[in-house]
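Per-chain residue numbering starts at 1, and chain names A, B, C, D, E and F are given in the order in which the chains are listed.
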Amino acid sequence: MAIRPSGRAADQLRPVSFELGFSKYAEGSCLVKFGDTHVLCTATVEEKVPGWMRGSGAGWVTAEYGMLPRSTHDRMRREASSGKQSGRTQEIQRLIGRSLRAVTDLKAMGEIQVRVDCDVLQADGGTRTASITGSYVAMYAAFQKMVEAGKLAAIPMSDEVAAVSCGIYEGEAVLDLDYDEDSTAQADTNFVLTGKGGIVEIQGTAEEDPFSREQFIQLLDLAQKGISELSILQRKALGLE
Amino acid sequence: MAIRPSGRAADQLRPVSFELGFSKYAEGSCLVKFGDTHVLCTATVEEKVPGWMRGSGAGWVTAEYGMLPRSTHDRMRREASSGKQSGRTQEIQRLIGRSLRAVTDLKAMGEIQVRVDCDVLQADGGTRTASITGSYVAMYAAFQKMVEAGKLAAIPMSDEVAAVSCGIYEGEAVLDLDYDEDSTAQADTNFVLTGKGGIVEIQGTAEEDPFSREQFIQLLDLAQKGISELSILQRKALGLE
Amino acid sequence: MAIRPSGRAADQLRPVSFELGFSKYAEGSCLVKFGDTHVLCTATVEEKVPGWMRGSGAGWVTAEYGMLPRSTHDRMRREASSGKQSGRTQEIQRLIGRSLRAVTDLKAMGEIQVRVDCDVLQADGGTRTASITGSYVAMYAAFQKMVEAGKLAAIPMSDEVAAVSCGIYEGEAVLDLDYDEDSTAQADTNFVLTGKGGIVEIQGTAEEDPFSREQFIQLLDLAQKGISELSILQRKALGLE
Amino acid sequence: MAIRPSGRAADQLRPVSFELGFSKYAEGSCLVKFGDTHVLCTATVEEKVPGWMRGSGAGWVTAEYGMLPRSTHDRMRREASSGKQSGRTQEIQRLIGRSLRAVTDLKAMGEIQVRVDCDVLQADGGTRTASITGSYVAMYAAFQKMVEAGKLAAIPMSDEVAAVSCGIYEGEAVLDLDYDEDSTAQADTNFVLTGKGGIVEIQGTAEEDPFSREQFIQLLDLAQKGISELSILQRKALGLE
Amino acid sequence: MAIRPSGRAADQLRPVSFELGFSKYAEGSCLVKFGDTHVLCTATVEEKVPGWMRGSGAGWVTAEYGMLPRSTHDRMRREASSGKQSGRTQEIQRLIGRSLRAVTDLKAMGEIQVRVDCDVLQADGGTRTASITGSYVAMYAAFQKMVEAGKLAAIPMSDEVAAVSCGIYEGEAVLDLDYDEDSTAQADTNFVLTGKGGIVEIQGTAEEDPFSREQFIQLLDLAQKGISELSILQRKALGLE
Amino acid sequence: MAIRPSGRAADQLRPVSFELGFSKYAEGSCLVKFGDTHVLCTATVEEKVPGWMRGSGAGWVTAEYGMLPRSTHDRMRREASSGKQSGRTQEIQRLIGRSLRAVTDLKAMGEIQVRVDCDVLQADGGTRTASITGSYVAMYAAFQKMVEAGKLAAIPMSDEVAAVSCGIYEGEAVLDLDYDEDSTAQADTNFVLTGKGGIVEIQGTAEEDPFSREQFIQLLDLAQKGISELSILQRKALGLE
């Protein structure tokens, strides 16, 4: 059996924590940690929706993602300075938005918009999956506040949503890749699932050689196990369990 | 059983064709058609690799993707005019590049770069999967020319690569979505597989409601069937069968 | 007498053809070929005019131009990727728009806008003149459709418009330069004329040495001959002759 | 006979003057005035040529053009602030560069580059033609300085170059349009000619209705007269006559 | 005592002049010269205010700043061509705007906007301070015209505003640095003061070593002397004294 | 006497803290808090200097600044998304860089570059002064590490540098403005001083009415007191006292 650099078992998540209310101003916020990957997620509630939705009676959820320049081992160029967001950044923020919308009842929100910002303070692999997992918590907290204030009758979300990456590391399927594993994995797949196990997104990529159907099923099994654990942690952090 | 708008069976591809040598200048070129989706794929061979690869002895494959403004039902804004490529465009061109590299032996290429351009002349769903499938043919044709000219000892590709989208349309898993299906599908998944059935990329997205593990397996089955057919068509177009 | 690389007589056009309806979606479309120069021209009809024209009762015609990266002998950089349109591109698309407006009765159009897109699939010299000549056909076809649908009482165009380049090649005035001639010509002049012989635009440039008044008059003579031939071909393509 | 708003005869230039050495730092400079059109032209000599010319032994001439925001009747947006140069600006600066290169012996220059800047301080029609006419003077002055300093054996220019616009104003061909004429002219043609009468560039545009061959010849006649006068003024300003 | 390169006394301004009405079109304009530093300042009056001020009943003053590429000893890159304004440019134009607003009664203006453009024709140090000093004159002149036309009851400015730089040159505090001094000064401080001596802005920067409180007070003393002289020159130029 | 919203005395700083080593990867890092203003400062050491310094033997220090979108009461637009850094951002990052260089011995550094990143996690006024104060600590920590590793003989900094803002709040001079004070202050001045009291930068701005020389001296007095306290806190945080 391959020994993971971190000593974790193949199906073991990194230590995961959620620090709610990290930001003084945001309607909902959460500093999520998956081991050494730390992402600050804030949810901002705005009273107006994008132009193309006005008058529809429904709301919208959108997300932006960024990495601090020195969140990584070597400093990255600041995207605000280079004048554009990379293709990778755009891919990730589109993914976060889709994932959150998949469990949100946009009609029940009414014509408001939630803008989620995921800013990576420190990156050790899995920043997009941590972002999705933390954003759900930040957004739920914002909705809780709105329910308490009488602005919403109920939380307009149908289920939890969380994400985790799985991959083939030294020939073995493992859960929740950290940077050391990610950089040498033969396959890297991000799974976004709901608390009840529904599939929201799957993004799988073979790094050098294609992988097999059997390997893929193993990764899916690991993801389902990991996400059921993450869902429990999300509910605990939100005081629901 | 749901009747597909096109009258196709659930596991039936659209008519697929490859017109090799569509472009007079490109080292390899191919106009690929998946029904009314038409993509011009060209492969340009350059004698130099990106700066970060120089001296490595290995080659590189990269791809760009674009849609003509009136390739679509309503005219889209020209990206050259708006001054940037959309997040969707960047996602797709990154995907095409990764897919081609997955079956290419970069070391065997030597220090050359192949630039693939996929330009959508007409779009009726599945432009990214048609692009990958056609690009493989264009690139292979460019390599054939190099082998004939004595610049390469052998074609530096280990297998075919092709792609197809599958989705849940009116509750049923169907192969090769066209635009009418795509715009109302409950799930849309793009599969990039090799001729031998290896998985290169999977990108699955639930449109409104999450989908189940069982549904996903059905989509994978359809994709494997469809891509084995596409591989045969690719080989025929290249005169290999 | 100089022998043209193509073997054509000094006053001979390349083979010219128009393939109407090349695009499934556009209100009018045409793949125009001047020899190996192939341009896809589409005309999109929009129900609204630019902001500065609203309420004027008149319509507008505008054009955009692009080259596929590998339409040329060596691959060009994709303008969408470099983030801006070159000065040359902007010059050409402004020229196409002015040329079409010169024969269009904007008031008779009513408050609609026609957006013409000229995308060069293959370039062998004269892409801007082919674009103008083909755009006229695509736009006329779009107007025909509107007349048939009862949205316009008559085609709001007063005359044909077509364009051709002439130049001094090895000391002799020749009609319709192809790339081999263009790249070594002493003078290169683009003429945009109406079917009745009216002058819409003249753009003449001496490449190294200035040219004389007499030479210029010879080029004008050739252009008038060539464009009267092109007008006939345009009418035939449109089923008007 | 139409009376021009300015009271000038049909073949009469505006008062033209050249103030050499307007700029303290530039190698050559000239404030050129065509009536109320005032353009500051500077010629900067740089010891190095663009990358694609290095080692060729030849030099290069390039030009940039700009308008101060309040050079015009109504304030224009500052191009540095809007983040790009308009298509019109790019057209003009490409024209200025080509015009100057047409009378310059690039090989005789050696590997240096002259950068010409034309900045419009006040605009009353004909800014591009004034820019070309003044740039010639600024560039010649810079070459004079280099000859005096022993850096060049002789002025590497074969002839004067100057430019003027002609148009059809109220049915009559007139020379050197000012803004009042330009904004209502039926045709507007810019001529760039050499002192000896050679044609460098012709850019003619019909504003609403096409114009005839006969009208065009009249404009050419006026231009030849006007430019022979401008050439004399250029030589006088440079102390050559 | 250190001898200034220009031979001026430590507390002596360069020759300062204002040429009103330099621009034919602008509501107010002024070519200000501080020695060899020449800045063209224009004030444009617009009937509408920025969106965020509409309905407030108050006006706004804003400024833009630019340098002609060859206003400097070596040619600078044209900002319109590089596609953005430098940080320095933005700093300066924000400073000019704030300085003018500090002496303007925005409410008394009514809902109009004054756009000030400062374009440096020649730079020999102190372009930002000359810009502020000249802009005041241009703006005042524009207001005079409005009062004469009955559009304003009175000039809505409470005081003059002018600016000057002071620095430590070879150990001594000196007034109104020119380029030779500025490039070697140990400290460079820009003061924006009103005619009555009020402080509007102070921007002091130590170049290499920090400077002392005592030195700073000396610079402030020089600035107060210089600006009282500039205020008198401003009033004279405007015919108020 | 005016009562400050926070209840602080006029010459009282907010609670200030420095959390060193906040970032796992950066050579030096510090989360600095001035009350509710929280800035993450990282110092990255790079082995190469900017092109214009190569071969000089000296090093360089540069800084970048950013605010997380929801660091503020209302969400700000993400600069990476809008495609450029605002003028304010550029002003601030230039100021931070100059301030750090003023106390750094660039020659003693050798040819390395320190890149400081200041990212505001939460903003309650004074983000630029907190950034400077925290950056000094992060940079010093990076140098300590280099000294320990034998890469530098000694810390190449001559003094502490710290910054604080002072202003006139309800008529009274107060130290270290928070957001409530800042938004209504009559004057706002940022002071950057060294531990020994030398002046590095002064940026003073009158908000509506000019302020007097006497008021300015009061602000300077407060700043000197405040910065002497900050210097002690910096030394303590670095274990030097």
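We take it that a residue touches a chain if its C-beta (ideal position, glycine included) is under 8 Å from a C-beta of that chain, and two chains touch if they have at least 3 such contacts.
Keep in mind the model is a prediction, meaning the values are calculated, not measured.
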item	value
Repeated interface matching B-C, over half of the contact pairs identical, chosen among A-F, E-F or A-B	A-F
Relative to chain A, chain with the most remote C-alpha centre	D
Inter-centroid spacing, chain E versus chain D (mean Cα positions, whole Å)	33
Separation of chain B from chain F, taking each centre as the mean of its C-alpha atoms, in whole Å	51
Averaged-CA centre spacing for the pair chain E and chain B, given as whole angstrom	60
Residue list for chain C, restricted to those that touch at least two other chains	84
Chain F residues within the chain E interface of the complex	84, 87-88, 90-91, 93-94, 98, 102-103, 159, 189, 193-194, 196-206, 208-213, 215-216, 220, 224
In the complex, chain A residues that touch chain F	23-26, 29, 36, 40, 42, 44, 46, 64, 66, 68-73, 75, 78-81, 83-85, 89, 115, 117, 119, 121-122, 124
